[in-house]
Every structure is written in structure tokens, then in C-alpha cells.
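Report on the structure given below.
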Amino acid sequence: MATLTPDVTAAVDASPAPRGGIWSWITTTDHKKIGILYGVTSIFFFLVGGIEALFIRLQLATPNGEVLSADAYNQLFTMHATTMVFLVVMPLAAAFANYFLPLLIGARDVAFPRMNAFSYWFFLAGGIFLTVSFFVGGAPDGGWFGYAPLSTQVGEMVRMDYWALGLLVLGVASIASSVNFITTVLTMRAPGMTLMRMPVFVWMIFVISFLLLFSLPMVTVGLFQVWTDRNLGTLFFDAAGGGDPVLWQHLFWLFGHPEVYVLILPAMGIVSEVLPTFARKPLFGRSFVIFSGIAIGFMGFGVWAHHMFTSGLGPVAEAAFALTTMFIAVPTGVKIFNWLGTIWGGSLRLATPALFSLGFIFLFVIGGLSGVTHSIVPADSQQHDSYYVVAHFHYVLFGGAIFGIFAGIYYWFPKVTGRMMSERLGMWNFWLMFIGMNLTFAPMHVLGLNGMPRRTYRYAEGLGLDLWNLVATVGSFVLAFGVLVFLINAIRSWRRGPEAGPDPWDGRTLEWTTSSPPPVHNFDEIPVVEHEDDFWHRKYATDEEGYAVRVATDDAAAESTGPPEDLHLPSPSFYPALSGLGVLIALLGVVYVPWGLLATAVGGAIMVWGLFGWSLESLVREEH
Amino acid sequence: MFGTDRHHEGQTRANRARRRGRTRLVALLGSLAVVAAACSDTAIPQNSLDPASPQARDIDELWNLVFWIAVVIFVLVEAALIFAVIRYRKRRRDPERPVKQVHGNTRLEILWTIIPTIILAIVAVPTLATIFELREEPSPDENALEINVIGHQWWWEFEYPEYGFTTAQEMYVPTGRTIYLNLTSADVIHSFWTPRLQGKRDAVPGRVNNLTFLAEEEGEYLGQCAEFCGLAHADMRHVVVAVSPEEFDAWAEKHATPPEIPTEGPAAAGYETFQVVCTACHVIDGAAGTPVDRTVPLEDRTEWAYAPNLSYFGERQKFGGWSFDNDPNHLEAWLADPTLLKPMAPELNDLDDGRILGMPNFGLDDTEIQNLIALLEALR
Amino acid sequence: MSTDLATPPPATPEAVGHHDVADQRKVAMWAFLGSEVLFFGALITTFLLYRNDVGDGPGAADVFDIPFTSVSSFILLMSSLTMVLAHHSSMRRDWRQMRIWLLATALLGSVFLAGQVFEFTEFVHKGLTVSTSPFGSSFFVLTGFHGAHVAVGVLMLLATYFISVSGRFKAEEGMNVEIVGLYWHFVDIVWIVIFTIVYLLQV
């Protein structure tokens, strides 16, 4: 595909920043490298979480299965969910946001590069911390949602302490990211890029940053309360002592529900970038897509108790939340229709990113519809806590979020690595995952309606649940095979895929104006933006009937002169990583208080050293 | 020859069409089989789509309404998607086509915001009505039978305040009479779910939730705990046994009186062992163990039974959270080492704190076990 | 520099690629404080739920010493005044004055904290601990977290003071004081809410 951007290869060669070496990764403050760190770490945890799921499916393939003990099973389903939500989908969104947010808004980095690194190292610390639990007597086993008083019942065992503390530190990482992204979007857009000219993916990151900012604090309070109930004898959720277990549910779901929108909106943002590129026409109803994302963000704070319809809220509360939940389907539907409108009349190239985006739409419609059935409270009293719910959220989280993320991977892989992924393997990847996904999760709708509860390590014979459980297990292995194909594709392509060039997809947004991979400073010159889809408008004009017409090549910027003279890049720093190390040690100490207090003190001191070093460093070295 | 070629081409096309038709037929039959399997009642005892009470029926009707609307929307949207993809796809061999850069259509936006809103508003009406209807407390002239349902880790306790006794695992109810459940828990959150009779309701420690149902026909209605409650959550099952009102009266009156304890034979020896080993947690009415004060209203209770009441154990079909057949083999295995049969953690038991996580292994020898089995079987 | 965050900066050569660090830090602090609102909101809500759940232990009326707490509240309020004075000094580039007011703020904050420690010890002696009742649990966790926030604020004040003393304080860095001030005022406002809801409005 002929590219119309100036050849920046020469500029890249002249770029001052050296690459490579483990130390450069540990001290990096470059948003692109941090994005890669997030991405690789998340993919690793994706495999871990996937293997956990395969074990679960093996256990449930037959009635009274004996593959896993109940104890092992309870740990595995708890960690599968915790891993997938906090260590895979969220950080994968962070990976894309980190790498591409500055590129998409025409900036050289995020507002706070070292805080960016700090977020990654805290995330890694949380992930390592949670993993350690497997090796020291058992992973958390109270469900990813840790309902009290089950989660506070056995204070002597440390498993749920790992859970509570791990989630706390992961929350800190996310809040720091949110503050960073909000500040970046508000203060670092290229000249001419008004908020409404920002790419939809950037908007979605902007929205979820607010969602996280306002929802995490509430579960933070709840998690502290669980921890103090377990370790300090507080009575927050102790019914005998006057506490109310349902308080935990409120605090958790006040976070938990906005959280699911945090999980889906970035994927929706990716689809909103991919579809127009591959249909070769703008996103249909762009401002409506943006506003519906904002609406979902707001409304997402008003539906949380639909996770609690069987807790005994009372008919008035149940009716109110039924209504709010039903109506959040409206902005969601708006997005789907707008994506359809984007395809309509386009020239749709069915390359792998497009396939995954289309798969996203197909599967998310199913998951969205089953979600609406959940809002029908009386029907939900049968569906809740059954495999019907498991079906619903896997359709929206796997068919939705993961498929959207895979679309992003295939779409942006050329930009990050400079190489194309294999289309053939991509097709296999897509179809195996699509078929495997449906085979695994479609039967679960039936299983749930047929009376199979969730979170059960086995089911009895004679309940009529055998066939569909077996089908689901088979499907999960098809799915796994699809993931394997993806890994092969990714690794082979990274090593020796064909060269991509700056703009392999004839893209619409600013990241395609720079080289693949971009130079450390992203853009030789900060672009001046005049349109939404600014890059497209530099390449194409529209004739009187509205058809796109290619323009001459050399209205693009003059030949590259390399990076600007006064370019100051953020210096690398090891203080963020140091803080991460400190918090990991401190947390391990907290788990084993009282004799762990020494570790807590040492870890705390290291963390404070990291934070202080970082803040003092700013006076000496950091210049933009 | 071209005639043969065309004929051949025609045949191939016909073959393909036939194959396509056959595939479609298979797919259709397959889907019907799925739907039928989901709805059939014979082999799926916990099937929520096979209601056996007016309440479950109301839920099922509401479900059907919403389900079919969802199916229609699904078909329309997915068909539009598939159509658009096929119609507007660019195959490699297709020439580059100029694309009209359409930005949107405000009329459409309004339309596809308003129409879903209207559909939802329509669905909201029966939804809200059913919510309130199902929540209504029974009127006095329904003469509802109140049953207190207490969740324990990992078994269900059923208390009949009208008759003054408690039992476990099996909830007998008379047909045709409103049953009003008061649900609570002695430890963590559980959820009482008998899909053919009603939706589920959580059993939360420190509060009392309610559930109403009416069994239309005699039969056994299986259910299980539906809120993750620890190790043996999967083995916390129960059955609601609906019998004729006369049968129920007989059953209840019998349970309201203490059982006869055998005075000779292995059962009598078993009773001796029982009094030494088992009464820390178990109760046989009028004979062994310390019952909990059941005159205290459920919402004010602070004391709970540690283990199932065994008064009429011999009559029960299953035990251990209604998970194991009540026969000598299973009883032997259970009494020899309970944790081998059901995942539990009795080493974490703290009776004072009210934390009971299973039945310990008491190191009983074979004779003691056989005697206990004889006793238990005799309690009927 | 444009303070309208919705409009990007003009495309002048000097403006392109350079960002007002001061503005960015303010945006960041405001965003963070937004999350803190929800954090304390959840803690206060928990307290409201449990304020009358005293079990066998003492209730609010049995332990609270309103006059004492009023004095320590006043002290914290005064620290906000000294914080404003510190900021004004930094705006006037009077670093010596700024340092004095920073120290004063830190001192007042520390006195407040000392008062909290004293108060809590009294409560424990009167039989109210974290594990006495849900009231005790929610009271101590709420006020404890607030105290922790004050302590962090004191550390930030002292750090700013020492950075200034060390002479590495650049003029642009004067923004630091404004950021610390934002945080400090927020913590103060939270205390006003807590004092009102927990101590004064004993419903």
C-alpha cells in the first residue's frame, strides 16, 4: 500500500535514545516500552488464567468429576476470575492506552512518565504477590468477589489476605494510571485537536479513567474492612457482632459494576478504530458513539444492585435497579447500530483485525441480550448464581472484551513491531476462537436454566447436566487451540514477519503517520490537527457526492529533519520499579504479621525511598 | 461437450443446493433438539423452565416474553450484520471501489434510541408487576405454612414453628397450600434454590429473607445452595417433598413427637455410643443432645444448631447435605471418615465462635460404626 | 498558557510540544482528590450505617468529649489558614516566609494528630475499641484513615520545606506549594464533614 507520509526512517536512525538491555526496561519511562511491558505481562497471565479454566472444565466434563479436589477447584475458579479481570483484561487495555494514547493525540508521552512506570511496577507487584499465594499454602479460595462473611470467616489462613491486599495494590496502580491519562488527555493534545476530534479509543480510555477513579475507592474501603475483620477483630461484616454482610456486597458492586464497563469500553474503542479503517469510511455517528460511551459511564454507577437481586433488597429497590439496568442497554445498542452503519456501504476488507471486530459485535449482541434478561428481576431469581450468568459474562468479556483486544493486537502489532502478522494464521486464530467460544459458553445458558449453580466443584448424576458440560469442555479446548495459534502467529511474526511500513492499513489516525515502530520521540514534529481522522484527511478529499478521492502526495510535511533540536525526553528512572519492589516486600510482610512486621518495615522503607527519590529527581533531571 | 458440461454444472449446483438444504435441515433439527432438551422435564429435576408452582410459572411466563423478544432482536441484528458483511465485503479480486464518506444520520440515531427504549418500557410493565406480586406476603386466609429455613455450612435445616420441630435435608410440604419461608443463615451467606418451585433467595446471617411458593402436585423437587459458601458448596443440596395434605399432617405430627429409641440389639448399643460421641453437635429429640431454643424469633436468634437433627434420620433418602444415599455402605464410609466422602475442614471447627466446617473423624471402630448405623436406621 | 482544558494550546512554535507542568500537576491533584471524595464517602457511609450499633460497648455520648475535639478541629482549621499564607508567600516568591508558614502548618497538623492519639487512647480506656462493636470499628477506621491522610500531608509539608531549604527550589516549582495546599485543604474539609456528622450530629 503506497504511503503518503514522509519517510521517517532517517530520523529514526538519528534518534538519540538507545534501546535494549534489561536495565533499560526496568528504568524505562517511555510510554511505548511501558505499553509493551503491560502487554507481555498480561498475555502471560492470560495463559495462566486460561490453563486454570481448562482445569475447571476438565473437572466439570463429567458428573462427580475427580480431576480436582474441592479445595483446589475453589482456588482455581477464584484465581481464574481474579487473574482474568485484574491481571489480563484491565492491563491489556492499559497496554494499548499506554502505547497509543500519546500517539493518537499527537503527543510525545503521557503527562507523568514516571508515574506511568510506577503503575506498571505496582501492577506487576500485585500480580506476583497474588501468584506467590499458590506456593505458600494456597491461593485465595473465596471467589473473586469475596463475599463476606465467607471471606472473613477463616482469619488463621492467609489466602484471603493475599486476595484483599493484592487487589488493594492493583487498585493503586489503576488510580495512578487514571490520574495520568486524564491529565494527559486534558493537557497534551496536539494543537487543533479539540476533545471532539479525539479518536474514539482515546475517549473510551478517558471515560474509564473516571470510572476507575470513582469506583475503586469504594472497593478499597471494603477491602480494608475485610482485612481488618480478618486481622484486627473489627465487626464490619460480622452478623453476630451486629455487622451487615450485605454492606460488603454494596461496596463491592459499587466498584464491580463500573468495573465491567472499564473492561468493555476500551475494546469498544478499539472496534471503533478498526471498523472505519477496514470499511474505508468514517465511524458512523461518531459523536453518538462518544456520547453513548459517556452515558454508559454515568449510568454504570446507577445499576450496581442488579448483582444483588436475590439478597433481599426489597421490591422497591429491585424495581428501581431493574429499570436502570434495562435502560443502560439503550446507549449500548446505539453503539452496535452505529458500527453496523459503519460497515454499511463500505468496502470491507476482511483482514484479521476486522474479523475480530465483527466477531466482537456478533458475540457482544448475544451477551448484551442475556444481560437484559438479567434485568428482569423475577427471571433473574432463577438465572442469578447459575451457569446462565457464567454464559452471559463470558459472552461479553470473552466474546466482547477479549475479541476486541485481539482486534487491537492484530491492528496495532505492525505499528509496535514494524512487522505484519500472518493473515492465514490470523484466520485460523479467529475461527478457532469463535467456534470454541460458542461451543464452550452457549451451552451454559441451558445449563443455568436447567438448574446448575455456579462455583460448584462437581454436579451429581441424574440432574440432566452431563451432555452440555461435556460439550463446553470440548469447546474450551478448541478455544485453547485457537489461543495457541495466536501465540505461534505472534512469536513468528515478531521474529520474521514481513516489514510493515508506517501505514499498512491505510489508516485514519495519527499513529500511522510515524514509523513502525515509532521513534522514541514519537513525532519529529507535533502535528497540527484540523479534522477528526486527521491523517485520513491529509490523504483523501471528498468529492461533491461524498466519495473519497486520493490527494497528491506532497502536501504532507516537508522532508524530515529529524527530531527537534530542543527535544527533551523524560530520563529513565529506577525509582518507580524500586517502589514496586518495596510494596511487594511490604505486602508479604503484612500477610505474616506479627513476625512479618520486619518485612513490612523494610518494604515500606524501600517504597518510601523510591517515592522520595522520584519526587526529588524531578528537580534535577526531568525536562520535557 | 457443452451440453454435458452445462448439465454437469447444473447437477453440481443442484448437489450443492441439496447439500445446503440438508445442512440447514440438520442445523434446524439440531437447534430444535437443543431447545427441546432445555425444556424437557423428565431427566432434568432442577429445570427452571419446567415450573411446578404458580410462582415459578409466573417467572417462566415473564421469561418467555423476554426470551422471545430477545430472539427476535438477535435474529434481526445478527442478520443485518451478516448481510452487511457479505454485501459490502471487498474480496481480494474485487476492484477498488470508491466509498461514500457518510458521517451519520441523526434521524436514524433518534430512531434506534427511541425504539429500544419503547421495547424496554413495554417489558418493564409486567416485570415490575411480577416483582411486587411475588413479594407479597400471604394473606391470612391463605393459611400459609411457615417454615424456617436455616442455612449451615453445608446443609439445610428446616424448622416447622407451627409444629415445634426441626429436621434437615428434606422439606416436606402439603400440596395446594401456600408455603412461606423465612430464610436465614447460621454462618455465611447461602441461597435457597428449588428451580421448579421458585426463584432463589439468599439466606443471609443476621437477617430474615422470605420466599413464597405453592406446590401444585405431589412430587420431589430437587434444589441446591446457590451462593458460594466454601468447600462443600456443591454438596449442599436438598429436596422439597410435596405430599397430600393428609400425608403431610401425619408426617408432621409424627415428627413433632420424639422417636422411639430401640432398647436392645446393636441399635441400643449404638445409642450408647451416640450419647458419648455425637451429642456435642447432634440432637435426637427427647433422647440425646441439647436442642437450641426455638421459641426465640428467627431474627433475634443468636444460637444455632451445630449439626442436623437426626430424630427421624432413618426415613431420609439421602444425608450429608442430601448428597449421599442413606444406605449402610455410604453410612459406613461416612462414619469411618466423613471428609473422605465430602470435602470439609473440621480441624477449623470453633464451636464457641459458631464456626462449624464439618464433621470430624472420631476414630470409631467397626463395631461402633455398625451399631450407630443400626440406631440411625431404626429412627423412623 | 491556556487554562481552558477543552481547547488545545495554540500552534505557536514555542507552545508546540511544551506543556505547562504546573497545570498538569493541578489537574492530577484534582483528579486524585475526586477519588478521595468517594473513598471518604464510603467510610462515612459505613459509619452512618453502624453509628447506633454499639453492642455491649459505649456509644458516642459515652465517650466523646466535644469541647476537646472542637479545640483540635479549630487547630486543624487554623492550619488551613497558615497553608494559604504559605501559598501566598510562594506566589510573592518570599521563600523565607513560605518556609515559616509551611512549618506552622505542619506543626498545627501535628498538634491535631497528637490530639487524635490522645482522644483515641481515652476511648480505649473507656472501653471502645475497633472490635467492641460495629460503631467502634467504623469510628476508628474512619478517623484513623483521616489521621493517616493528615500524617501524609505533614510529611509532604516537611518535604516541601526541606526542598526549599536545600536551595534546589526553582521558581516554577513554587507550584508544589499549591498542590500540597490543595491536598491539605481537602483533608481539612473532610475533617469538617467528619466532625459534623460523627461528633456533632449524634442522631
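When the chains are written out, they are named A, B and C in that same order, and each has its own residue count from 1.
In this section, contacts are C-beta pairs under 8 Å (C-beta built on N, C-alpha and C of every residue); 3 or more make two chains touch, one makes a residue touch a chain.
Computed from a predicted structure; not experimentally measured.
Taken together, the touching pairs link the chains end to end in a line with two free ends. Distance from the centre of chain C peaks at B, each centre being the average of the chain's Cα atoms. When C-beta pairs in contact are tallied for each pair of chains, A-B comes out on top.
Chain C has its Cα centroid 51 Å from the Cα centroid of chain B. Inter-chain spacing, taken between the CA centroids of chain A and chain B, is 34 Å.
Each chain gets one centre point, the mean of its Cα atoms, and the points for chain A and chain C are 33 Å apart.
Each of residues 242-244 in chain A touches at least two other chains.
Counting only residues that touch two or more partner chains, chain C has none. Residues of chain A that touch chain B in their complex: 69-71, 74, 142-143, 147, 149-150, 153-154, 156, 239-240, 242-246, 279-282, 284-288, 310-312, 314-315, 318-319, 322-323, 326-327, 329-330, 333-334, 336-338, 340-341, 343-350, 358, 361-362, 365-366, 369-370, 372-373, 375-382, 384-386, 446, 449-460, 462-465, 467, 540, 542, 545-549. By the touch rule above, chain A contacts chain C in their complex via residues 108, 111-112, 175, 178-180, 182-183, 186-195, 213-218, 220-222, 224-225, 228, 232-236, 238, 241-244, 247, 251, 254, 525-526, 528-529, 564, 567, 612, 615-616, 619-620, 624.
Touching chain A in their complex are the following residues of chain C: 5-11, 15-21, 23-24, 27-28, 31-32, 34-39, 41-43, 46, 49-50, 53, 55, 130-131, 133-134, 136-138, 141, 145, 159, 163, 168-170, 173. Chain B contributes residues 34, 37-38, 43-49, 58-59, 62-63, 66-67, 70, 73-74, 77-78, 80-81, 84-85, 88-90, 96-105, 108-109, 112-113, 116-117, 120, 123-124, 127-128, 130-132, 134-135, 187-189, 191, 193, 195, 198-202, 204-207, 209-210, 222-235, 237, 302, 323, 343, 348, 354-355 to its touches with chain A in the complex.
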